[in-house]
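Notes to accompany the following structure.
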Amino acid sequence: MQLGMIGLGRMGGNIVRRLMKNGHTAVVYDKDAKAVASLAGEGATGADTLEDFVAKLEKPRTAWVMLPAGKITEATIEALAKLMQPGDVIIDGGNTFWQDDVRRGAALKAKGIHYLDVGTSGGVWGIERGYCMMIGGDKTVVDQLDPIFKTLAPGVGDIPRTSGREGRDPRVEQGYIHAGPSGAGHFVKMIHNGIEYGLMQAYAEGFDILKNANIDALPPEHRFEFDMADIAEVWRRGSVIPSWLLDLTASALAENQTLDTYSGFVEDSGEGRWTVNAAIDEAVPAEVLTAALYARFRSRKDHTFAEKILSAMRAGFGGHKEPPKKPTLKA
Amino acid sequence: MQLGMIGLGRMGGNIVRRLMKNGHTAVVYDKDAKAVASLAGEGATGADTLEDFVAKLEKPRTAWVMLPAGKITEATIEALAKLMQPGDVIIDGGNTFWQDDVRRGAALKAKGIHYLDVGTSGGVWGIERGYCMMIGGDKTVVDQLDPIFKTLAPGVGDIPRTSGREGRDPRVEQGYIHAGPSGAGHFVKMIHNGIEYGLMQAYAEGFDILKNANIDALPPEHRFEFDMADIAEVWRRGSVIPSWLLDLTASALAENQTLDTYSGFVEDSGEGRWTVNAAIDEAVPAEVLTAALYARFRSRKDHTFAEKILSAMRAGFGGHKEPPKKPTLKA
Amino acid sequence: MQLGMIGLGRMGGNIVRRLMKNGHTAVVYDKDAKAVASLAGEGATGADTLEDFVAKLEKPRTAWVMLPAGKITEATIEALAKLMQPGDVIIDGGNTFWQDDVRRGAALKAKGIHYLDVGTSGGVWGIERGYCMMIGGDKTVVDQLDPIFKTLAPGVGDIPRTSGREGRDPRVEQGYIHAGPSGAGHFVKMIHNGIEYGLMQAYAEGFDILKNANIDALPPEHRFEFDMADIAEVWRRGSVIPSWLLDLTASALAENQTLDTYSGFVEDSGEGRWTVNAAIDEAVPAEVLTAALYARFRSRKDHTFAEKILSAMRAGFGGHKEPPKKPTLKA
Amino acid sequence: MQLGMIGLGRMGGNIVRRLMKNGHTAVVYDKDAKAVASLAGEGATGADTLEDFVAKLEKPRTAWVMLPAGKITEATIEALAKLMQPGDVIIDGGNTFWQDDVRRGAALKAKGIHYLDVGTSGGVWGIERGYCMMIGGDKTVVDQLDPIFKTLAPGVGDIPRTSGREGRDPRVEQGYIHAGPSGAGHFVKMIHNGIEYGLMQAYAEGFDILKNANIDALPPEHRFEFDMADIAEVWRRGSVIPSWLLDLTASALAENQTLDTYSGFVEDSGEGRWTVNAAIDEAVPAEVLTAALYARFRSRKDHTFAEKILSAMRAGFGGHKEPPKKPTLKA
């Protein structure tokens, strides 16, 4: 099957490669002509402009947009929509805010153009591991593009099947799902990332407590020097907490268990924030997912204004003079 | 190798079975004579009393105590210590507070008796999956009992090896670790459980937001009806968040995705609490692990006194009359 | 000075009364004719319709809209704007989302109509205590209406002056502030309410711990029976934590320290939610304000779906059967 | 009445001064002879040694110990107890862990010595404002020392009385309370400090959101430049959130609203930690009090090990390289 791909970064490029390796064809476009040339060299059909890209696609066309930022994605899809015809399909595979999908899906439908929002997980490992895809949009369109999704998905692999799934959509255990109408795909992907933040923070806090188990403030008989790398490893088998994230942690710690090459400055992307916004809209208490987000906010600051307010109050009622900050704990 | 086991519940009984299936022998004792008889019928040597149990063990004796509660474990180990001799080994495989191990290890050492604290993870699945064991105590004693631990551990299995572990203790990737001196084993197990609470809560909140994505308070175009079972399943392959806990969630949801057979009353055990206590002693911020613990506390109450204080204040400043409670969200 | 008031509920009615008691005049309108008649009986000029209301106002007109819900306020201001003329002033004194003010202020400015957003605090006590007002909009309009705001504000009263305020806007210590352009007033009011939630929850948790200090799970020598009413009272003088909210708590507890007439079902309004949204937009960690909001969400549910997910996982890995919920703590 | 005071720091010295100013007499002792000489110059009877101190007290003796750290307090009380006689009273007015009071009260009672634990709030302002005292121990001893407590307490002052307190202990509204048996005083003081942390953090977060309302990441039309000093001031009158802590904040901001003389390194003392420990022992969810404590822990670190774990995981699954940390927000 033929797929058009706009955006040949780490994700878009590898998606094309995984498709071509499995017998599909691709038309590719990127602002960066080198990226186009590179994939053309691997067998894809390169396009010089968006017009050229659309012209080279077989009808009904399928164009997958895989771009990083909100505004570029929006502008590209708008431009694309003007060039496309009723029956064509636009896929947004990026990290788009699901409410934008709802709006966009309706606007495109009015023009007869199909729209799928595909939350795509897999990162740098996706090319070999496959991509977990959470898809929103019309079922008939999802079905029509099934060969693409099936190829990109990881498949059952050697992960044990879940019993009790007889009679359920068999695509799901292949690693892709039609989650609902427009927006549903990115909504589920958003929650996936929100959970990811929470899981990461849970492990991170646990290792932090292990790391600081040897501080001077503790009584000598209650201090331990733990081997972070070995503890991460031992939990990978037979415990309650094995996970892919733990595997990655064990690898990083095996390489250098001080982690001193990492700054500890932690970025966050929209999904973590939108997850909390969604929780608030639904009045669902989401303490853990929110705390995980806030830990990242805090990691990017030297000091908060809040902390200075605390110091000012303490000086006010107790005459406390806070010492200049110096790290008191292992990090 | 011979092992004595005191406490033949779900954990103790299955540990003995896994050992016997692999060529080891066992002397077993429990207050419940039926439990002793049952394991004796499977090949173990039953004991009628603690004295009988000690008498039937070959020297140097190794007695594994696998009892639920703090006081019973304490009393049993005290009684056992009086019957044992220098060079014998007492293992506490239960969920003991690590500071008790520190105290106990020192007290037994003064009598020449060896003490190992073995945090044992695996639950009802351990008999087939193997047990992840986190061991505290003297290295020579751990080495001496290696045949036991090796048998109980899961082994490498089909879980990929972590690169960069060359030159490290090979036992670790079998699923058991000598974590440090007395107390270190239960400390690491405690953190394991603390992390477990955090991971569980992260998934739980994510599914809660998915579940409530269809509430009336949302604008109609922003409502979704998600299939909980399919979403749990799809994340098992190719996403960033696969884990054993997700596997279990997917199984439970495949069976009945309303989960209406569960009350939502969630117990907690000491480890989650002690993890937070340890974080506080070390001045490590552990927001996520703590929030996960508090969510369980809250789940066991109809209303908190705190909430009534809030209502009373609201009546005081705003004349607000709170309606009687009724569930406003899916649960 | 003359003020028009639309919305004669608890807040709007009392604002009119406080103004009239201090020599101002008022034209009043409400959908409920009885409310209009009642205030007309106290000296206000009643209006039958919005048209009548506008007609009875002297030019340049000043109309204060004090309505509860977002949609009614929006519709009323739209209707009002059509009836008013350049130079007239519309005040939104309700609990409007500040981004709506930004939009509305710009739209009205295009028509030559002035718009002020006035976050108004004071609740049922405002008529005697005065109202704390946080005002957004053009400074010249705020200055022009100063007689109104000055009358509504509490004034310095017997609250000690803050030193170091020489040269600063003297209106501020009277209890009203021109906080910035359109939206600034409701933004500051929003943060006020966000803080209010946090303060309330802090007291509430403290009393909860005091209340539960006598539970059976504690060792007998560590149990206390505290008098909630007396403790709230003692902190009112000489401690670090006196506040108006503590005064209200002490009153409520003096009346009935069990608080058993309160359900513990706690409502939240938009401000608490928008505060968290603002924190997220700014990447400010706001743990306490968020936790306070979530505690209210949780108070309104019997059980969360999250808790059932936890129970399902626990059954999965440990075979745990959770007991049916029953309150284990004082509430 | 005569009181002996051991420990003449900021708190102990001022307590003696407030007593002497109101007709009481004092015997004073401190390791620092200068502190003793200084108070002797103000009318107190100085003592050179603990023996001398005890000798100079009239029987039955009353010795108030006001020392900072746990170990010094413990050692001093032990030494004192050896020198005192049945019927004498030892008061611990410091920030002692309440479980130590329980133990100590019982041990001293066995010797016939009375023990009171007095949680004393008031800080540097206590000498003029009076001290809020939360007292644990035998009622008869508390009654016997009433003249001392009455003098130290703030009295009703100009703070309005709470209605509905007829028939209740009138001492409470003077600012002191007999909270219960040994330990109860410090328990209530502990909760007072726990609440204090929560209140402080609530204000701090609110001001942080106000401060960062002008960051570049926000759309231009949604940015505000707020005056921190004026906002703190305006809330002092007529709003829902006036408090003594807000008064102090308004003062600090009036002086320098950037707070750039404060480091933002925030200390915590035992009470905040013990409050959380107590919440956990009682299974009371105390999200806000705990989050406030953790914010202080975090303020004292450059980076946590947890954050480095997050960065390592992100590098693992997404190839993300985190930039070196630089403050992205106002602080």
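When the chains are written out, they are named A, B, C and D in that same order, and each has its own residue count from 1.
Rule of thumb we're sticking to: contacts are C-beta pairs under 8 Å (C-beta built on N, C-alpha and C of every residue); 3 or more make two chains touch, one makes a residue touch a chain.
Please read these numbers as outputs of a predicted model, since none were measured by experiment.
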item	value
Greatest separation from subunit C - chain, by CA centre	B
Subunit B against subunit A, contact positions shared by both copies (same if over half, else different)	same
Chain centre separation in whole Å, for subunit C relative to subunit B (CA means)	46
Euclidean distance of C-alpha centroids - subunit A vs subunit B, Å	31
Chain centre separation in whole Å, for subunit D relative to subunit B (CA means)	38
Numbers and ranges of subunit C residues touching at least 2 other chains	123, 201, 203, 205, 208, 212, 240, 244-245, 251, 283-287, 291, 294-295, 298, 300, 304, 306, 317, 328-329
Footprint of subunit C on subunit D - complex, ascending	99, 102, 106, 121-123, 126, 129-134, 153-160, 162-165, 168-169, 172-177, 179-181, 183-184, 187-188, 191-199, 201-203, 205-206, 208-210, 212-213, 215, 217-218, 221-222, 224-227, 229-231, 233-247, 250-251, 254-255, 275, 278-279, 281-289, 291-292, 294-295, 328-329
Footprint of subunit B on subunit D - complex, ascending	240, 268, 273, 276-277, 280-281, 283-287, 290-291, 293-295, 297-298, 300, 304, 306, 317
Touching residues on subunit D, where the partner in the complex is subunit A	10, 123-125, 200-201, 203-205, 207-208, 211-212, 244-245, 248-249, 251-253, 259-260, 262-267, 287, 291, 295-296, 298-320, 322-331
